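Letters A, B, C, D and E mark the chains in the order given here, with residues in each chain numbered from 1 onward.
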Amino acid sequence: MDEKTVTVQDTNPMDTETLEVNFGPQHPSTHGVFRMNIVLDGETIVSVKPVMGYLHRNHEQIAENLTYAAVMPYTDRLDYFNSMANNFGYALAVEKLARIEVPERAQYIRVIMAELTRLVNHVSVIGFLLNDLGAFFTPVLYAFREREKILDIFEAISGSRMMCNYFRFGGVKRDVSDADLEQIRKIVQKFPAFLDEFEALLTKNEILCMRCQNVGVLPPDLAVNASITGPVLRASGVNYDIRKVDRYSIYERFSFRIPLGDKGDVYDRYYVRILEMRESVKILEQALKGIRPGEFIHPKSTSFLKLPRNFKPPVGEAYGRVESPKGELGYYLVSDGTPQPWRYHVRSPSLINLTVLEDLCVGHKVADAIIILGSIDIILGELDR
Amino acid sequence: MAFAKNISAIDQGIKNELAQKGIVIATLNDLYNWGRRSSLWPMQFGLACCAIEMIATACARYDIARFGAELFRPSPRQADFMIISGTVTKKMAPLLVRLYNQMPEPKYVLTMGACAISGGPFIDGYNVLRGIDRYIPVDVHLPGCPPRPEALLYGLIQLQKKIDSQEIEKCEWYQKGLKRVYPVPEYGPHGLIPKYNPEVWRPRQEELRKQRYGQPILTGKKTKAPHLDVVTTAPSS
Amino acid sequence: MIFGSGIIRGMFVTLKNFATSYFRKPDEGGLFTVEYPEKRIPLKERFRSFPFLVYDGTPENLRCTACDICARECPPKCIYVVRAADQDGRPLRRPAAFTIDYSVCMNCGMCEEVCPFDSIFMDHEFEIASQDRYRELVYTLTKLLKSNEYFNNIRPRDAQAVDKKRREAEEKKKLAAAQAAKPKLDEPPKPV
Amino acid sequence: MEYLDQLFVFAKRLMLDLLARFLPDWIVLVASMVISIVAILIFAPLTMMYLTLLERKVVGRIQNRIGPNRVGKFGLLQPIADGIKMLTKEDIVPFQADPVLHFLAPVIIVMPALLIFAVIPFGRGMTAVDLNIGILYFIAVSSISTIAIFMASWGSRNKFSLLGGMRTVAQMISYEVPMVLSVVPVILVAETLSTNAIIEAQSAGWFVWTPWGLAGFLIFFLCAVAECNRSPFDIPEAESEIVAGFHTEYSGIKFALFYMAEFISVFAVSALAVTLFLGGWKGPWLPSWLWFLLKAYALIGVMFWFRGTLPRFRVDQLMGLAWKFLLPLALINIFVVGFWYFSPGLWKWVGSLGILGPSFWIFTKLNRSYVPENRVYRLAEDENNETVGA
Amino acid sequence: MNISEIKSKIESALPGVSVKIVSQSLLVEKPGNLTRVVRYLKDSPEFRMDYLASVTGADYLDYLESVYHLYSMAKKTGPIVLRVRVRRDEPKIPSLARIYRGAEFQEREAYDLFGILYENHPDLRRLFLWEGFEGFPLRKDYLQEDSEILEAEDIQWLEEHGIPIPEDIRKQAHELKQQGLRALAQKPTKESGV
């Protein structure tokens, strides 16, 4: 919006002028304050240069100066769509660092929350993707209708709609009441019906297929080489899901499948997410069946909950990673034996998945760049940190 | 000026009296304010977490459309007010100021969430602006992290109240030669130049945070590095 | 499959939603809107907005002892506590000033968790908006204090648990005091 | 009934009779024109204003929400509030913009939209000007808006505007071709270019109930949607791609004029589609003008419905749809109408459907890149894994 | 396979490369050898470490460090953690961006925040901060600016834009300049609790 220069790239009279367009940081569909410098030849993209940092709010610096427990609410604000998944990863990393055990009920609660988050994220992402495609908000609104129902549960359990701050080292902050579980059961029961409706609206829609199929194809070897993770990787047909590979928490107890894409285009990324939601519903059903009364936090952990300053993990390092809805969310922690971490680093899937943006976009039209960005599913809070 | 004030005071008195008797007098001023108040089109851009709650406000549960404010305009030229929904970083602030300058009068700014008001939880960051009101005037501050969608609606109602209290002959945008365009700060070696615009904002004397904590040196506090080499036992995974 | 059938199927989904919005219930495809200023979604008991201080009975009888733990553990550092002192300058177990900057607060609920005296809790009040962030969003002691009845009102389960805990502690203390028979009530607290 | 039907016609005649008593004939003639013009000038903006409200309401309901309802009863005053606000907004002319073009564009764009109203038969005997070349006039006038949009995009000196402008020109010129060709069958059958006469020609049955009529109607309606830049053909102002397209740099009343032009042309093309294919004001029981408005609003409703449902095309697909799909179909449709005209009885139906159906099928096959592929997804079960390192 | 086995495998396969075990990770002693080690781990059928999960820098006061987490997507194994240490005044590490595309942004990030120079990186610019930003903010010796005190350059900018400057602010900036000080963050006045 701001710079208005038309650059003449070459002096050859047969060459057409390329147009340098600045998408963002204020742009309706850059999902926040992301910026792309796109060079266009007519409507065709010649090059894309992502520019980020407009939401670089120094998460790592601030976290290195807080107690371990006080970092938890900050992780909520990383990927603000799925605070529970962020909490999960951080809790795992710290538990690895300080060797804390987690009781079984807490594990179940964690899995339930993480999978609910996955539903929230995927359904919203598809909504936003459709928004980028130009559907006038309807899919987003249907998605947010379901999201509101799930957020109501988050609010009842953790106290906040978005910034849950719910996980603690060695468990979770509060127990989940039976009424809440019943509410979750109800939502999980109804969710497939909603998905069917959502799919009827979208999946076979000719315009959506036209726009999405064979656009932004990501070959599997490039995907692996560029460290792409999450649904984007699986849409390219690479079978890698950290829930299966690392078997963290209690994921090995549930039977679920990993949907793998065919071609790795935008449409596959869309549909893999739909299938993943169906698998998440399966996990949720099993978890809701399997959850038993018990402790929601390890008794040893309660002592440092009251006084976070006394929580001093031994000197060492740990890398905890979870399959967040966006991809591999990793936390790298180095402890120096004091209440604050010496080094705290977030391996953010949004940032790394963007590596291939230019490869995907070049040769396509402007409109495609936007849906490719939408299908990669970035969140600026996590990208810039 | 005092004379005009007097007259409007008398006007108000008469109007109240008549309103009690069930007679509503719509003056030009009322019509003007009513029109602007009922058709507040926000600018469509989100900065961070609060943006999601802003979208939620536009969605079915809360439906900002009921107030006639659902037409999020992507172009600043067509927007009436700006919802600054999220952390304003130093890298983003110049663009925000520019966007504000591009909006047509009358324009309003609503800061949503702690980050936009003061830097919020990220106040100590090296790249975080401590409140957008350092560069542009803000009409409504809405605390919370993030504020609930209802709170945003509440903020909108507050903004409507503010608009209602304005008078057409005193509106600053109709004053001659006055155009609310603020210079855009530049990137400097440590942050923005200038750090704030003294025309809009001045540091407070009673700044509690500074009194209590000084300016915390965030990085550079620790002086002893851990020696990972001596760690022998691996953390069990 | 005829070209265009997918579009028509999608169109019927929206048509259905259009139609059901007139007669179905909210969670079954009906009108999902809650008209905010008049109607409200009931707030969940654990919903947390901003912290407030609880007092028992009268505002003088506040629970806070100015121990400063919440201020230290507050992640964004938005709590500022000044301990009161008597004429001789000895510190008292009550705050002279207790300020929370709502414009910085991140609603994380950390203060509530760490408070050893069950004094600070998260409120339900979210309708706070102002034009002057310094004058209206920096909450001082008088604005922060709210009665235990209010707390019981907004969060009955938590408040009752806290009350029970406090009663038991009180009784234990009384018992101990009766046993010791030599109560040391006026012992000054250790400075922190 | 007759009175109700001819209400507006009688009202106008009454006024003219009054004038004719004491004024010369030419003044009465002028007055007749003025009355028609004023009626249109009142009707068109009112339509536009309430169409915006209707759209917001309909889309709201589609999305399970209420839509504007706090400004006036049911939000009925919402458009007026919007109007007041737009009128009082600051008018910004960008620093680098061409002030003349920037100013003229919104003025010019409203004109064709209003001019089209002249030939629209709102009811029996309710055409402002019953031109014998009404359809030609419509086609000629409606293409002016392309120029206005291009002026706006060029004059703004904004890259997004420019992109939007280029898209608009490409789109509007492309879609005009199949649109005009889809009207040809109607003209051939009705043997006239006058809108009133076309309606009269549909006394026996609406054209849409014939195979060529249905095909023509669908082509015309799609092209009309594209001509108005409405979803799913709204790429000239595609929000998610090029911010607001050609009106990115417009504020206040000028922006309102663009908005107005869009909605007025939505009404105009719907009205024309009704005239050409849906029997115009013909219909039992109700007054003719009410029938006309009902049909037109039904079509507008469909446009809103599209907007609430569909994502938009990409620019090349949009052009492909016009040139590779709609244009050949429209040409074949002209052939079909000839067949229909000259063949007897049942053969009409068999033959027309026999041509149209396979050609539709053939064109979908030819445009295979537009047809959805079927995808297969693997669902991987557990796999063994061992750990290395820690 | 435990860590010492990996170490001996690497050392036997790559003569001249010495690796040290540091807290369950492998410290490549000479930064120049990093690419060889990584290539070996990536290509040898035994490891097939085709996925570089995370690259990050760290400041240990005496030296800067770059930490790599390698996994294998093909064999679903991992992680192997590699680390490289370099001197603060000459932080040069060979870039892995040509071996793993995934390192591209992460190395740029580490450069941006720690100032580690990745040699042979295709596009080593600042990622989050702007060009012209001085210093590397996650280094432990970085001092951030005091955002309440205007300095001489701010005053100059304000004058250029014709903004009236209150006298006390002007004076404060002038004093600072006379003392040759910058308005950087100061020592905490009280125990800051962090």
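A few comments on the model shown:
Note that contacts are C-beta pairs under 8 Å (C-beta built on N, C-alpha and C of every residue); 3 or more make two chains touch, one makes a residue touch a chain.
Keep in mind it's a predicted model, so treat the numbers as computed, not measured.
Touching subunit A and subunit B together: C, D, E.
Chain-level centrality, scored on Cα centres against the all-protein Cα centre, points to A. Interface comparison, A-E versus A-D: the higher count of C-beta contacts falls to A-D. If you average the CA atoms of subunit B and of subunit E, the two centres end up 35 Å from each other.
For the pair subunit C and subunit E, the distance between mean C-alpha positions equals 40 Å. The mean-CA centres of subunit A and subunit C are about 30 angstrom from one another, to the nearest whole unit.
Each chain gets a centre from the mean of its Cα atoms; for subunit B and subunit C, those two points are 25 Å apart.
Contact with two or more other chains is made by residues 23-24, 76, 79, 81, 128-130, 137-138, 192-194 of subunit E.
Multi-chain contact residues, meaning those touching two or more other chains, occur in subunit C at positions 3, 6-7, 10, 13-14, 17, 32-33, 35, 72, 75, 77, 106-108. Counting partner chains per residue, subunit D shows two or more touched chains at residues 62-66, 239, 243, 308-310, 370-372, 383, 385, 390. Against subunit E, the residues of subunit B that register as touching in their complex are 91, 126-127, 130, 183, 186-191, 193-199, 202-203, 207, 210-226, 228-229, 231, 234-235.
Listing the residues of subunit D that touch subunit B in their complex gives 56, 60, 63-71, 75, 77-78, 80-86, 88-92, 239, 243-244, 247-252, 255, 390.
Here subunit E touches subunit A in the complex through residues 23, 25, 50-54, 56, 58-59, 67, 69, 73, 76, 79, 81, 100-106, 109, 113, 126-130, 137-138, 194, going by the rule given at the top. Across the interface of their complex, subunit D is touched by residues 31-32, 34-39, 44, 59-60, 63, 65-68, 70, 73-75, 77-78, 80, 102, 104-106, 173, 234-235, 237 of subunit B.
Within the complex formed with subunit A, the subunit B residues making contact are 44-49, 51-53, 55-56, 58-61, 72, 74, 76, 86-87, 89, 91-92, 95, 98-99, 115, 121-122, 124-128, 145-146, 148, 216, 218-219, 221-222, 224-228, 230-231, 234-237.
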